[in-house]
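Letters A, B, C and D mark the chains in the order given here, with residues in each chain numbered from 1 onward.
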């Protein structure tokens, strides 16, 4: 029988891929534990490390744990452990391009270096009346997040 | 290639094996699905062209001719939406890719025939939604649908049309999945990656871009729909949302989408150049890898559509840099195609004329891209007719020309009929000239500063002369698009039957009868020889021999050197 | 060749005409499914991107707004989904071992979990609607439920909350349909699933993905740390 | 209908020369490469046409040196162009500290410009020559783009975010001003004129509160007010959902919402400008803001004078070119009247996004077209 090129990366008989039941249970328990960990971590406020503020670390921890959980599911439940190299390439490619897309955030990260001042402050005659017809800043509690101060929107 | 029993042996082919409309609408055969696609994209292209004609007519006078501004805005938006989403993105992959990718790699069908059929139905559903939106009330906002105009201010059928585009997105995703799996898993024995025709490489790269890009625009447009339908305030500046974020997400797909439109065209051109120059493509590996490079880098340049959209200057610089990097692979292709012609045996048949025209037009289109990739000039030229001209040089001069070239090249294989070659050649020249007359003046008028999507330009009447030239050219272009419809459909009725390989071309699709049998191959071929396996010298001698014979038949009695070579060849030759 | 392929594998489902042998067919389906999941990743990825951006802009308001969500319900739903993901994995395993009873049981549990998830979600949504926390002109009509967050940014938050969880719920519903179809096939002892574990595996992959999305949604939506 | 073939836009700012240098360099490169490729294609096609007696022995299929050369050379050229373009862009993007600031608001479908001392104008921008000018821009509704071809500058005007644009005009004169980002029905008419005047004249112009020093007829100044107050946003050539048309309204009988017929004489027009809600035309709500206390009697007289000729055969409309600078001048009248009127309009749109008021512009066009043609004649 002529071997087609695919058999290079095809894995013969798939029936040999079943995980031991114990492993599955173990993964499930691990996932539960990690979930508890996330909930717990979200209530304690972590200290800042050097320049990185604590809130960022909190978020990193949360996302990190979620990523570990995701990895567990992908590796064991979804059987990437056994999948063909091709399937793995696709898994990686997907997350890689997703990562590229987050480059969009770079725009917002670097924009604050060339922020544009509004005109309320430096138009003498209209006493700081905003040029915007809409009520601005909008009603409700004025936000106190640092990013806002850095000119994501006119203040 | 070893394999096929004598071609033309089989009388039944994919067209006549099963009869009845039902057998077409429920078919899983990639060839029949390709034909369904061919009919539908032609229909949509016709609609888009009508809109284009209206635009051109309206622009002959600075203060418009017949239309109200609202109507005009809806017309140009319809032109953009129809041409981009229902023609350019779909046409080449879904028609020629669908038809020939499995044949070229020696497979009986796509990996997932039913998915393939589903993609056509999705396409039609989306297309019908779009048309519905345009018929009852129309849509404006241009094909880019920038927020907040599209999400908060437009009072046209944006919701309906965007839903249609969303659905069409899934149609191309399913096609992409099919291409990827098929190329990876269905190659015939011996069909190694570097024996793949460049057409297949191009479609593989395209599929990758489709898979990774389309979902992003799908969700983005869906969010606009939600904002209109359920007041979901994602891009609403009044609530602190950011309309520029929409542009980021939109172009993250829509720049790669440009490569979805042009890469398959590259594939077709590589086929045409190689087969009509009777010579292996120069730098096969470089073209193949440049295709992948374009697909990869294409995901990193979306920001060059946004240099002046209040995007951060620093990120803009990065995008500009990468944009210049992505220009290089395109240059590589053009030079390689040109080099292929060196020491070749060039047949100037109609598909080749389109291919040569493509090289010229794409060169101009690509180089004018540098004007827009370099930030300094982009500030002045972006959002003017310069962009319109650049885009049309790449998309009409590139993709559309390649589509026509491919159509002429594979028509005998798809239908089993030969068309009027003379008319086809003339048409290729009409298209080339008409195109340049249409779009070159737009470079100038854009450089003068005429913004795109303008209905009236009475504030700057000096633009009129170029607009009139452009409209004249569009007339010729229109003829160039109608003529093929005429002589191709005529060939269906009374065209001569086509042999299995009317062009003397090289490739698996030419080793099976035309039109091919339903299962493509009676037996899966085993590929032994390289791709585009021509030898210029023997090709040359055969040409001379053939000429000599023709010559001898014209002037019987007269003997000259030609006939000697001819007789020699006829003894020892074939 | 196809004939040979059939001889070497007696215990598999139908071989479609376009394939040469069963490995090719199985591999194609698996790779195809993964490719589809990649598109799904990008699909939700864009939403997560938007979420990240706006949250970084309006941290405090979003924190205040998210306090309205019920962590207990969220956690409960997470547990439900994790369990369902586990049972699907077991179902696939049993499908490979051709243990029909186990497969049916596990798919059944999964479907049940899916319904529980949806019901809980329905309760959460209805609460939000009562409190006028759905985007639109009447948003924030009951200010005390904003916990002092800026109404506009809170509306952004709930816009994304409904958008993302809504799309996720949609995927769950699709999952229920597919799982039920699979269950039906096993119930009727169809060869297509009995002899070939691939259909079960594909549905499993899809369901795991739905679970994955929630694994990220839960901490991001319900568990914001207090900005400090 | 001028059929000359203009080949380049006027160069009127300090950027123009730098920009054109890069532009023409790119043109030369394009020409060069197109010629190379085109010549190659044609030459080979002729030399190696089917059966031509050319030598085809030892054909080459791969040549690394060749490939590298046409990979590296375009790359180097590209990087060079990139550096040039990027550096030019940075200079265009970073305004000098001492630049004079002018504030621009884009809204459907007009440009509202406000000079530092409070002088306002619409669809016209007066700038001094030889001084760097920095525009601080924001949009009230959709994304617009502020585009002055002669200055080679263009920038989006985004709602909810300030953007800047700076230039240094070098040539006095009138230049086109366009909105180059699609913004709805009248997108193509959302433009006007940039008037670059010598610094001294500009100073005078500012000092006179934006009055051009040349005297104007009542109708002309009325027209200026009419546009500067954005009356034509609602009162177009035809009745629209937003407002009744004022075309040839003078001395016609109008049906009021309370059913009575009223003669539209001077008194009525004045009344409905200052206190529109007292006598609502049939079928219209109280959208129109009251101009009581916002306009001087003089302004009102000018407006009424304009309404008398508005919509008559356009030849009869005495226009003042496209110099439609506003006349809202001194102290008390420096409040944001035209804006706050649009504020109401904006908030309505905010609540009801789909209300984007399509209006026919044909009638309005005639006036503007005349104006444009007069400008042509003037230049």
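Basically, a residue touches a chain if its C-beta (ideal position, glycine included) is under 8 Å from a C-beta of that chain, and two chains touch if they have at least 3 such contacts.
Since this is a predicted model, take the numbers as computed values, not measurements.
Undergrad: Taking all protein C-alpha atoms shown, work out their mean, then name the chain whose own C-alpha mean is nearest to it.
TA: B
Undergrad: Of all chain pairs, which one counts the most C-beta contacts?
TA: The chain pair with the largest number of C-beta contacts is B-D.
Undergrad: How big is the gap, in whole Å, between where the Cα atoms of chain A centre and where those of chain B centre?
TA: Spacing between the chain centres: roughly 36 Å.
Undergrad: Rounded to a whole Å, what is the gap between the Cα centroids of chain A and chain C?
TA: 18
Undergrad: Mind checking the centre-to-centre distance between chain A and chain D? Centres are C-alpha means, answer in whole Å.
TA: It comes to 42 Å between the two C-alpha centres.
Undergrad: Counting only residues that touch at least 2 other chains, which ones in chain B make the list?
TA: 184-186, 212, 216, 238-242, 244-245, 249, 310, 313, 524
Undergrad: Going by the contact rule already set, what residues in chain D reach two or more other chains?
TA: Expected reply: 93-94, 160-161, 163, 350.
Undergrad: By the touch rule stated above, which residues of chain A touch at least two different other chains?
TA: 2, 4, 6, 86, 93-94, 97, 101, 104, 108, 114, 134, 138, 152-153
Undergrad: Which of the residues in chain A come into contact with chain C in the complex?
TA: 1-2, 4, 6-7, 9-12, 14-15, 17-19, 21, 24-25, 27-28, 31-32, 35, 38-39, 41-43, 45-46, 54-55, 58-59, 62-63, 65-66, 69-70, 73-74, 76-79, 83-84, 86-87, 90-91, 93-95, 97-98, 101-102, 104-105, 108, 138-145, 147-148, 152
Undergrad: Going by the contact rule at the top, pick out the chain C residues touching chain A in the complex.
TA: 1, 4-5, 20-21, 23-24, 26-27, 30-31, 34-35, 37-38, 41-42, 45-46, 49, 52-53, 56-61, 64, 71, 75, 78-79, 82-83, 85-86, 88-90, 92-93, 96-97, 140, 146, 148-154, 197-198, 201, 204-205, 208-209, 211-212, 215-216, 218-220, 223-228
Undergrad: Where on chain B does chain D make contact in their complex?
TA: Interface residues on chain B, with respect to chain D: 62-63, 68-70, 73, 140-142, 146, 148-149, 151-155, 228, 237-238, 240-244, 277, 279-286, 307-310, 313, 316-317, 320-321, 324-325, 327-328, 331-332, 334-336, 338-339, 341-348, 356, 359-360, 363-364, 367-368, 370-371, 373-380, 382-384, 444, 447-449, 451-462, 464-466, 536-537, 540, 543-544, 546-547.
Undergrad: In their complex, what parts of chain C are in touch with chain B?
TA: Contacts found on chain C: 1, 16-20, 24, 27-28, 31-32, 35-36, 38-47, 49-50, 53-54, 57-58, 135-137, 150, 152-153, 155-156, 159-160, 162-163.
Undergrad: Which positions of chain B touch chain C when the two form their complex?
TA: Those in contact with chain C are residues 102, 107-113, 115, 173, 176-178, 180-181, 184-186, 211-216, 218-220, 223, 226, 230-234, 238-242, 245, 249, 519, 524.
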